[in-house]
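Each of the next two complexes has chain A plus one other chain: chain B in the first, chain C in the second.
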Partner chain A sequence: MTISRQARYALMSLMGIGLAFIYIPLTVVVINSFNVSKTFSWPPTSFTTLWWAKAIENTGVREALKWSVLAGLSATAIALLLGTTLAFAVSRYSFFGREIISLLVVLPISLPGVVTGIALNNAFTKQLGMSTGLLTVVIGHATFCIVIVYNNAIARLRRMGTSLQEASMDLGANGITTFRLITLPNLASALFAGGLLAFGLSFDEIVVTTFTAGPGIQTLPIWIYNNLFRPNQAPIVNVVAATLVVLSIVPIYLSQRLSQDSTSGGRF
Partner chain B sequence: MLDSVATAMHRRPRLRLAALLTAPVLWLVVAYLGALATLLVTAFFTIDSFTGNVVRKFNLDNFHDMLTDAAYKNVVLRTLGIAISVTLLCSVLAIPMAFYMAKIAKPKSQKILVALVLTPLWASYLVKIYAWRTMLEPGSGVVDWLLGPIGIHSPGFGGPAIIIGLSYLWLPYMILPIYAGLERLPNNLLDASGDLGAHNFYTFRKVILPLIFPSLVAGSMFTFSLSLGDYITAQIIGGKLQMLGNVVYQNFSINLPFAATIATIPVSIMALYLYLVRRTGALASM
Partner chain C sequence: MTKPVIIAIRGLSRAFGEVRAVNAVDLDIFEGEFITLLGPSGSGKTTVLRMIAGFEKPDSGTILLGGKDVSQLPPYDRDVNTVFQDYALFPHMNVISNIEYGLRVKGVDKSDRRARAMQALQQVRLEGYESRKPAQLSGGQRQRVALARALVNRPSVLLLDEPLGALDLKLREQMQIELKELQRAVGITFIFVTHDQEEALTMSDRIVVFNHGRIEQIGTPREIYDNPQSSFVSEFVGQTNKIEIEGKKINVRPEFIVVSKSTSYGNRSVQGVLRDAIFVGATTRYLVDSSLGNTIISTNPREAIAIGETVTLSWDKEKEFLIQ
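Presenting the complex of A and B:
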């Protein structure tokens, strides 16, 4: 393609500026977790690993991590079950209201989190008289995680077609055997990508969590949020933040290795 | 036992469908739509100013208050302004980056660039906004330290900081659909345009832009809608500035019906936006 040399260089530098815009703030977070100064004056005068040692011992952080993982795993499990069954129904059957359902499933991530949050809080505490806790957090998270699994599963199901399943049935396998030996193995990597993404979304969620978690539960984002403006907690917040930045490489690495169609990490 | 279930299910496709649909539909309709509908109904209730309890009497007082108070109009306009600015800023940043990734980078670096653009999506939302607090801190922030020597100073915490922060959060959501759109765009269209005498910018305006418009719309669905409902970014780097989400958040604990009323604004704007997007047909060609 004919693009002038100047245009090439101009685009290359814009790419560079864009990447700098993306990565400088993240780098600053990581560097600051080693900053000696408790007020994080920039540039740092010297470095220490003291905050890392303190953060590892911090019980609040450990507790928050536990809740986040617990909520994330439970929400992901529910989303995997409901998202997959829904994807099967929508892709393999035609029925009244199918269009409405495919619209309904995206609604929880399309509407602002604060709207979903207060709606769920109102329903749980005022209408149903439930007390907020892990259960309400999991219900809230699962609601917007379903669509993630659904999108991944339905894309795979559509591409797979039904001929493999039909062949299996023709050869005498019943529905359960066919699902176990044919459909599920073909679907597995899409479900893994969807599950990974759902977990990531739940792990990072703060708005719906704010409204569905009771005072007894602090997920990691809630912990960060609650400690963000406490100066004496700042070093620990920095370490947690830096850890999350570094950990964000893991899902990208996994999804890049996994399969071609999920190189976007399944976010699209 | 399992085999007989399998046989029975195989003979009855409707039963299979019902088994598949019941749980997810119950979940989405009862847990989610039910909650939303209840909230919407609450918007038509008022609160007893003495006891603070919700009075379940249908009226339009909240909507009247919301529409007549200039303060709320300002918040709506400000939020819309921020959401539009974020979308524009993301587009301006994303188009050259996506173009470089799709059309200039070699296949090997292309993969790395996509991964580099994707990775921050997995970094925590709060951490990213927190990072911008450190970046923008007036006087002692990284922006002043890095760009001060060339005369660029941090705008401090407020509207511009919110626009920068939100653009930072949603930029990958804009780059990826444009990148995908450009990848699908055949190179020979650009060659043809060049052969016919169009210079770079003219080709961009007349050939590339119309063809990647659906991708821009797809990206804007994220940048616009996610900005519209946000309140945490405004809390952390917005100074005293309030967005619609902040008003909803503040009213939530003191006056739930009014919070519900305000919440109908971003929902209606989104519905209108989706309707307009559908009318342009931009998403149909995705």
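Presenting the complex of A and C:
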């Protein structure tokens, strides 16, 4: 497609404005975490790493980080196991209700978090008589983490087709050997990308977490929310926010790289 | 044929939903022959091949491989190997690992399998490519790797599922000759599936023509071409003129009909008018409106003829064939 010079400049400046709206505030958060002024006077007169040191020493922050990592890893592990299994079932076998299952698996990603949160809270505390804690947070997060892994895995399985597995069996490998030597290595980068994204989603989730965590557990986003309006905590909140920004970029970047690799080198 | 039978197929049937893809097929395949399953798409040839390989289970019937019924065995328990249409090379392994794969999963030790894989690589003339990934190879090279990967296992039968379909014409013609030579050299039975009649005629010891899940005819390329047993075969393999003459329906190939201004060159002749002459490279197709009321095609002119001129078409009765 060719577009006129004017149109190209117009599009590029629109894109620039769009990106600026998203990334300038985020950059300010990161810069402010080094701002000497406790009230974030702008522009910063001088820079300091004092807030970072304080944040690292803060036991509340460390607790919260621990819970976030634990919840993220557990939810991702569950999502990898169930999401991959579901993707295999849906892509390799035809059975009654297959399309509906596929829809039901993907649905939670578009459900409002507040609905999922309240529904899960109700189910856990009223119907099942469980007390909210890490387990309930993990289950809550797994509901949408599964979607990410499932989508990644099923896209790769569809593109792989069945002929690689057939070739492997034809050459004398049974089902288990074929899975180990052929299917899994070709699926691995998709699963890794899905796992990273799932962890990223879990790590900054706040709504479902609010309803499933209960009083004992504070994840990082919840800690930020709870400390947001305490003026003397503001610099530390800012540091935590900056950390979340940076930590979110890494998995997204990696998973994008992995997806690109697989589109060029997957099948021919 | 005095050669021993390696595969005996009896009453083989397979349906997909309402469609009878393969319908009561009986077929004997002899040791060391190059046999081609030929037919249009959906004629059942590929399904027969996939049932021999073990990717599809028959609804009924048996497949005896070396005297033993393998029709219910999984692919990894059958002494056959397949060259796939899309090659199905393992993208995460290099060429030599692809070729070694069959030996590796069967537990052949490392130095032995490396030596055999290198030998197979040599057989398909790809020395020096062992550490390339499949994505770094051309279509023809992938084809050769797929061949080596199958042949290194020394199967009693090699199955080839339209393996030349993705190659361009020049390379395809070259591979046809190479495949035939390779088959002679290794002496393994090749079962080759194609919809390309020229390919079938070029390469095969015998051709099995499929249509609607059934076998229409089995024979050598010459038998199939010179003496087709059904109008389907006569039209699918080569070209034919359907002519009604002296109350009989006969068929004649265009190359056996001589078109000339007035002389007859055979013991059968028909008058006509040259409607068009179409140049198709090696030959020219002469379309003649005959006095019998139909269009007869000849590719065998005896002199220069202008369009619109009156011509005589002639051929030998011995070149005619009847179709029930």
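Note that the second predicted complex is superposed on the first by the 250 of 268 C-alpha atoms of A that agree within 3 Å, B and C clash if a C-alpha of one lies under 4 Å from a C-alpha of the other, contacts with A are read in each partner's own complex, and residues count from 1 in each chain.
The rule we apply is simple: contacts are C-beta pairs under 8 Å (C-beta built on N, C-alpha and C of every residue); 3 or more make two chains touch, one makes a residue touch a chain.
In this text, all values refer to a predicted model and were calculated from it rather than measured experimentally.
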Discussion item. Just to be sure I read the superposition right, which of the two partners does A:166 touch: chain B = first, chain C = second, or both, or neither?
Written reply: second
Item to complete: Could you say whether A:53 touches chain B, chain C, both of them, or neither, answering first, second, both or neither?
Response: neither
Item to complete: Pick one for A:18: touches chain B only (first), chain C only (second), both, or neither.
Response: first
Worksheet item: Regarding the shared-chain residue A:184, is it in contact with chain B (first), chain C (second), both, or neither?
Response: neither
Worksheet entry | Residue contacts on chain A - larger count, chain B or chain C | B
Item to complete: Mind working out whether A:174 is in touch with chain B, chain C, both or neither, as first, second, both or neither?
Response: both
Worksheet entry | Residues of chain A contacting chain B in one complex and chain C in the other | 174, 177, 265, 267-268
Worksheet item: Given the complex with chain A, which residues does chain B contribute to the contact?
Response: 2-3, 5-7, 9-10, 13, 16-17, 19-21, 23-25, 27-29, 31-36, 38-39, 42, 54, 93-94, 96-97, 99-101, 103-105, 111, 113-128, 130-132, 134-135, 137, 140-142, 145-146, 168, 171-173, 176-177, 180, 187, 190-191, 194, 200, 225, 228-232, 236, 245, 248-249, 252, 256, 259-260, 263, 266-267, 270, 274
Worksheet item: Residues of chain A touching chain C in their complex?
Response: 163-164, 166-174, 177, 181-182, 185-186, 265-268
Discussion item. Quick check: in the complex, which residue numbers of chain C touch chain A?
Written reply: 53-55, 74-76, 80-82, 84, 86, 88-92, 101-102, 105-106, 133-135, 142, 149-150, 153
Worksheet item: In the complex formed with chain B, which residues of chain A make contact?
Response: 1-4, 7-8, 10-12, 14-15, 18-19, 21-26, 28-29, 32, 40-43, 81-83, 85-86, 88-89, 93, 95, 101, 104-105, 107-108, 110-116, 118-123, 126-127, 139, 142-143, 146, 174-177, 200, 204, 206-207, 211, 220-221, 224-225, 228, 237, 241, 244-245, 247-252, 256, 263-265, 267-268
